[in-house]
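In the two complexes below, subunit A is the common chain; its partner is subunit B in one and subunit C in the other.
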Partner chain A sequence: MNIIILLVVCAGLVALRFVPKINILGWLAGWWIAVFVFLRWGIDPPLPTSIQGMFVAILTLALLAYLSANSAHFRFVLDRFVAFTTQKKYTIPLLAVIAVLPCLVALRVYFDVTEGPAPPLSSRTIHPPPPTSIEVAGNTIDLVNDDNPYRALETEDPAAFEEHVENGRRVYYENCVYCHGDDMAGDGLFAHGFDPIPANFQDATTIAMLQEGYIFWRIAKGGPGLPSESTPWLSAMPAWEDFLSEEDMWDVTLFLYDFTGHRPRAREDHGGGGDH
Partner chain B sequence: MGGVGTIRNNTDIAIRPARRERRAVMRFSRWGAMSCALGACLCIALLPLTVSAQPAPDLGTDEQREAGRLLYMDKCAQCHGETGKGDGVAAPFMRPMPRDFTAGIYKVRTTPSGQLPTDDDLVRVIRDGMPYTGMPAWPQLNDDEIRNLVYYIKTFNDDFSGPYGVPDVVEIPDPPSFSEASAERGRVVYEENQCFDCHGMAGRGDGPSAVTLQEQWGNHIRPADLTKRWTFIGGNTREDIYRTFTTGLDGSPMPSYSITPIEDSWALVDYVYSLSQDEPDYATSATAQYANDPVDPVQGRAAFGEERGAYFPVVGQVIESGRSFMPGVDGIEMKARYNADEIAILLSWHDMSAETMGSNAPDMEVPPTEQVVRDTVTSIWSDAVAIQFPQELAPGGLPYFLFGDARQPVDLWFADLASGEGRSYVGRGSGNLLAGETSPSVRATYEDGAWTAVFTMPRDERFAEDTFVPIAFSVWDGFNDERGNRRGVTGWYYMYLEPSERPSPVMPMLRAAGLTLLVLLSIVGLVRFRHRTSVPA
Partner chain C sequence: MKLLARRLPSGVLLFLMLAGLALVAFWTPDAWAQEAPGQVEYRSFPVVGSRVVVWVIAQLHLMFGAFVLAVPMFALTIEFIGFRNGDKRYDDLAYEFTRLLSVSFSFTASLGALLTFFLFILYPRLMEYLVSIFDWTFMLYACVFFLEAVFLYSYYYGWGKMPKWLHLVIGLCLNLVGIAIIFIADSWLTFMNSPNGIDAEGNLLSTWDAINNFTWMPINIHRLIANICFGGSIAAAYGAYKFLGAKTDEERAHYDWMGYMGNFIAIAALLPLPFAGYWLGREIYAFSQSLGIALMGGTFSWLFIIQAVLIGNLFLAANYYLWLSMERIHGAERYRKFTKWLLASITVCFIVWATPHSLVATVEEARAMGGSHHPILNVLGVMSAKNTAVNVLILTTYLSFLFYRRANKEATVSWAKTGNIVQFGILAVVVGVVIFLGVYGYFVEASVRIGLSIPQVSLVLFAMISITIIDVFMFRKAKILGPIEWGKIPNRAQYALFFIAITFAWTMGLMGYVRSGIRQHWHVYGVMRDTSVDAFTPTLGYAANVVSVTVLIFFAFIAVVFFLSSLAGKKKLDAGEGTSS
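Let's look at the complex of A and B:
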């Protein structure tokens, strides 16, 4: 999101309000341009052109719908249009439009043909559905019901909990930092070499909305353990069960939450009753 | 006396008390008369430095240092160590090593060589980081937080509170605007000051001394690749480049230079600046162009046209056993040509030294417990490179990017640059590589710090015109103990085979324009007709 562009667009629309005797055509044009400018330059990283085109089409339809909803407006625009096409004083602008529009279309076709096609984009699911249980080093871990075995220490034995977090810190900075980054923002030293880019744990849409069992699954099984639906994943996430002990993987999960200040998503209480 | 440079530096500034007196002044001049010129040069060298009596150093308040300490323990201690000695848990996996704050020796400074950095110097490095090293930028920390960190970092070395706690500042004059003539003159300055000894004749960091360079703590350190401005740890503007060679990178073998006249300093800046663009402009696909005649690999680059190829980032293979935390190669350029029978792919990458002894292979074992070894001259592992394609172009997805998987195998075209021999493998994962049927023919050359390898293979049905073929690369730097899974890798990118005959855009353009004209005329015609019939004349 480019705040400056957004402000400029808003300011433009406000300024339009003070234009004397502005008619409905002016408003429609103003809105169209404002939304177009925002879509084209105001979003960072930029939207793919196909998506931009789709939004612009929707925008155009919406503005037309708005116009036709008011018969006075509709009549006004229709009259202006008829006047433009029929009245003698508009002959030269009309001819200009008839001449210029096909040229613009031809230009567009020229760019489309000469630009060459774009490489295929791979779509991906953000949070793939986890299996109900996984096997790690011979142990079965129930991802639905099991919690982080060391999470309870947080209240029961803070000193022991702190040790697990510290171990998680070591594990993170020996193993994860290259991709997920020093501040866990998914911008490590090697992050630019991978697509999809590594997860940003500071972001509210990653670990903050997941349970620890899910995190453990992603760490233990990595890219190779992703479900076969919705491929290609192309994830570079290693299967950490090959390198780390079960305890290390639970510890680093604790550390992810400890460092970012996020809390794991609360488990739904299957037994009903209060959620404490 | 153009072209005379003095090196004011030294890496042996550990002897603190006598630091200023002992600042070694060396002169790299081919004309003798050392003794008298030395004095003159020292004067010139020190002229731009404003030496003045300064107030007591700003060490912050107890609260500020304590806030800095907490932040340091949270964000910095993992690499720089809890006692600031640069020995955190992540330190063994980094090159260059994290800074040892207790030594009080800093690379990026606006102060003369041998002096401490200013607070602003430390602020700047924390805020902007050092690109392509383990030191990230910290834009998420606010000014106060960074300032507190600086106060805390200064507690690791007593000099900050001592008589030299307020360093002199080297003033950087306003730069004249860049000019080609100045850059050309800069090339001469570059040679006169023997920059090529480390940075190489073409600036690719491949000079004769490059393999032997050590930093203060005895670790090998690579000279900067001056053709990749985006990797400069001291920043990549022209002022940054000026400052870097004027103040030197203390603790590293990069000395400080005083190059006079000042025009020559800026000439050197302009020369270095002219060697690369600002950004790497990483590509996501490369285009293979159709050529009627087969590519002649002997011609090397010339056979592939002049323009820059697609440049892809190479990162360490940190995913599977044999992890590579500090790959020797950070990017690879690709160009391609094809005709009816053959496809030729040119790969080019910068490598500090060519390892053409020993051997290499993608399936060599790397013991998982092997110590991480930084650059060492060995003759065991040679440099090598590989291209990877999916064996079949399945719409369902791509093979695993690390040498494929059981479901979707990859074809690997491999070149061991010691023998220059091309081999092919079929990969179903890095633990399952079998020899392939047809070997690519490979011609590789190493010149001025850059490998260029041309692979030629018969063109099979995968390489159809107007197709995007997934492609990935692996690069091994033998100097860095890389073999097997210890290597630089890329993710999947694409090679587009441009059609042999490009359809002319004229017909589609005419068709579209004609159609639009027709629609416009019909609308106007219809409206006019209805208007005329509805309005009585």
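Let's look at the complex of A and C:
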């Protein structure tokens, strides 16, 4: 957050309250500009332009609703608009507007076409849907019904559980740390060579939202095992089933949750019919 | 056209048109002549393909079905209110709503027949399997549909021609049968998403378990509520259409009231709808993580962003209509100062709800953010934030209703000041706790976080119910500051009603596609694969285009319904020499 911009915007809005005889158009324009400035320059790192555009569109819609929800305001603006477009005294400003608008559009087009080449925007999907089951080293893993086979040890045999977590730690620091980083924030040594960068497991919106079977599937099958829907997935993750044992992959899953302090998403009871 | 409409029932006309189209489309005798019975899994449909034709017709059937099943619910309620308080206006309004049913029912039946033909012709293997699971329910459905026709036409044509109590009983039966229809049809489509009552090979073990599958009841409840929303919004759009064409002040007043009532019904049902939708999503996730992720975090998650934008617009338009409606009420000026705060709340909630989890960004923007998640906006992209936003949005809309309700009233009870403080206190505490639970959700595991939605919803419902009860008692024998001048509302309010109806239809189409599409390359998820040429998930843009065209077709049909319903009104007017309402 850019505090200076935030303070300037707030000061501008406070000042707006003290502008004598400000009409509804001035008030709306003031708010629109203030929010636009904040969204454009007040947030660090900057918001993507797609999000800025969406927020500004919502804001514009809301301000137009506010204007037209009051007939007195609406009539005032309509009267001003009619006066501006029909009265002789406004001929020069009107001509100026008529001349400036296409120039602005032309300017926008100019900037668009003179920008350097860039890959097209893509609406990346963050969680690929997993299959119902996968084959790993000849074993079928049921991703719908099976849990991490060592998770139960957490309560049944804590010492054995700790051994699995320690094995997971070894696996992680031998294989995963280079991309996912020392503290699993997706900022390993190699991370910035990738686009997109590796997942940040510290983020409460990644592994904390998923069941362990999902994590196991991602580790085992990696980028090559991503589904054919919603491509391109753009993942450089290797299929670790070619390098690690099934136990190692379950263990590193335990370690990811243990290290970050997140809990895997638990299975839920449902209110519907019987078992599938 | 008028003559034709009088001579032939509109449904027959439509059915003939659609049947003709189907015949032309299927005129491929050479290919079919070589088919061996029982060996065909799929047949193709020219130009648009089998999937799109079934998709469009199913959606159109569903939209008309939703309207036909919903209108009797509120028509009966309004008729009952008129019966209890003796106010003929309510009876007239209920009749006017019902008048839309006759033509719509014919459309629904014709589209349903067309859908059935297309499904059996284009997807014989799937239909053979579904019949093997649900055999007797198809029979039951046909019988119940027949009963629906009997009750619906008795209800419509029997208006004013039989004792009121008997008419109300027929209306009740109509509604019960309508609910049975939707529940039966829901069992088929939910089985395809969350199959149950079958063995590992897909053979039937229990028809009841197949019906009572994981998502059956959530869909039933979600659709019932959504149907009321949709029916109310279409009825309100009819009121708006008539209002804009009204010639006299009486007509304007009547159709203004009709538009208001339709919108009231739509928005009242809209308030609990997100809760029902959330329950459905949760059940889908509980049934299968794969389906849940495809729905909310994967392939289809971008459609939820579009849905958020649409529903945000719906809430904005609903509030906008209420604020404009207050212009026809003397005394409402007192509440105008609150509009900007209500709008600010709606805008913030709208922004939170519409913020995606992973953002559309250029490579430079993504590098600046350190990935596809923005460090600040990231927290707005998950359900904790969105649940909180929608709960506050619902409370804000409720507040607009509350201001509308008391716009021309001044409480005269001695405890009015205390009552206001208590109401405000309840609202403030509930909003505070809802926001607290939303933030708290980030610090607990996923299953606990999901569970927090229940206290959030319960608190919002508690606030709405308790504040309403206090309000009802507080404004008994209230001083009336001025009349409600029905008909004195700006025309742009009527366009807001059109906007609401179209947005509802679009949202229904979009979400219907998502519910069905999450199966991806399965006809019956995990049981019967889709091996047709359409066994791929269309791009989001293509899907949105199909839904949009379907909505356009639906509103073209609805325009016909409005037109034919107006003709029926004119005939009555001519016969009664202008004495009809």
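Everything that follows uses one rule, which is that the second predicted complex is superposed on the first by the 195 of 276 C-alpha atoms of A that agree within 3 Å, B and C clash if a C-alpha of one lies under 4 Å from a C-alpha of the other, contacts with A are read in each partner's own complex, and residues count from 1 in each chain.
Just so it is clear, contacts are C-beta pairs under 8 Å (C-beta built on N, C-alpha and C of every residue); 3 or more make two chains touch, one makes a residue touch a chain.
Not measured: the values here are computed from a predicted model.
*Asks:* After the superposition on A, what does A:P20 contact: first (subunit B), second (subunit C), both or neither?
*Replies:* neither
*Asks:* Looking at the overlay, does A:C179 come into contact with subunit B only (first), subunit C only (second), both, or neither?
*Replies:* The answer is first: A:C179 touches subunit B but not subunit C.
*Asks:* When the two structures are overlaid on chain A, which partner does A:D195 contact: first (subunit B), second (subunit C), both, or neither?
*Replies:* both
*Asks:* What's your read, subunit B or subunit C touching more residues of subunit A?
*Replies:* The partner making contact with more of subunit A's residues is C.
*Asks:* For A:V82, is the partner it touches subunit B (first), subunit C (second), both, or none of the two (neither)?
*Replies:* A:V82 sits against subunit B, while subunit C stays out of touch.
*Asks:* Going by the contact rule set out at the top, does A:P119 touch subunit B (first), subunit C (second), both, or neither?
*Replies:* both
*Asks:* Between subunit B (first) and subunit C (second), which does A:G261 come into contact with in this model arrangement: first, second, both, or neither?
*Replies:* Touch status of A:G261: no partner.
*Asks:* Which partner does A:V109 contact after superposing on A: first (subunit B), second (subunit C), both, neither?
*Replies:* Once the two structures are laid over each other on A, A:V109 reaches subunit B alone.
*Asks:* On the A-aligned overlay, A:R170 touches which partner chain: subunit B = first, subunit C = second, or both, or neither?
*Replies:* The first partner, subunit B, only.
*Asks:* Starting from the residues of subunit A touching subunit B, keep only those that also touch subunit C in the other complex, and list them.
*Replies:* The answer is residues 119, 122, 187, 192, 195 of subunit A.
*Asks:* In the complex, go through subunit B and note every residue touching subunit A.
*Replies:* Touch residues, subunit B against subunit A: 74-75, 78-79, 88-90, 93, 132-134, 136, 138, 140, 282, 284-285, 287, 313-316, 318-321, 325, 396-398, 400-401, 405, 466, 468, 489-494, 496, 498, 503, 505, 508-510, 512-517, 520-521, 523-524, 527-528, 531.
*Asks:* Quick check on the complex: what are the subunit C residues that touch subunit A?
*Replies:* 194-197, 209, 212-218, 282-283, 285-291, 293-294, 297-299, 301-302, 309, 312-313, 316, 319-320, 323-324, 327, 336, 339-340, 343, 346-347, 350-351, 354-379, 381-382, 442, 445-447, 450, 490, 492, 520, 526, 536-537, 540
*Asks:* Can you name the residues of subunit A that touch subunit B in the complex?
*Replies:* Per the touch definition, subunit A meets subunit B at residues 81-82, 85-86, 94, 97-98, 101-103, 105-110, 113-114, 116-117, 119-120, 122, 169-170, 172-174, 177-179, 181-183, 185, 187-190, 192-195, 222-224, 231-234, 236-238, 242-243, 259.
*Asks:* Along subunit A, where are the residues that touch subunit C in the complex?
*Replies:* My answer: residues 1, 43, 45-51, 54-55, 58-59, 61-62, 65-66, 68-71, 74, 118-119, 121-132, 143-144, 186-187, 192, 195-197, 200, 203-205, 208-211, 213-214, 229-230, 262-274, 276.
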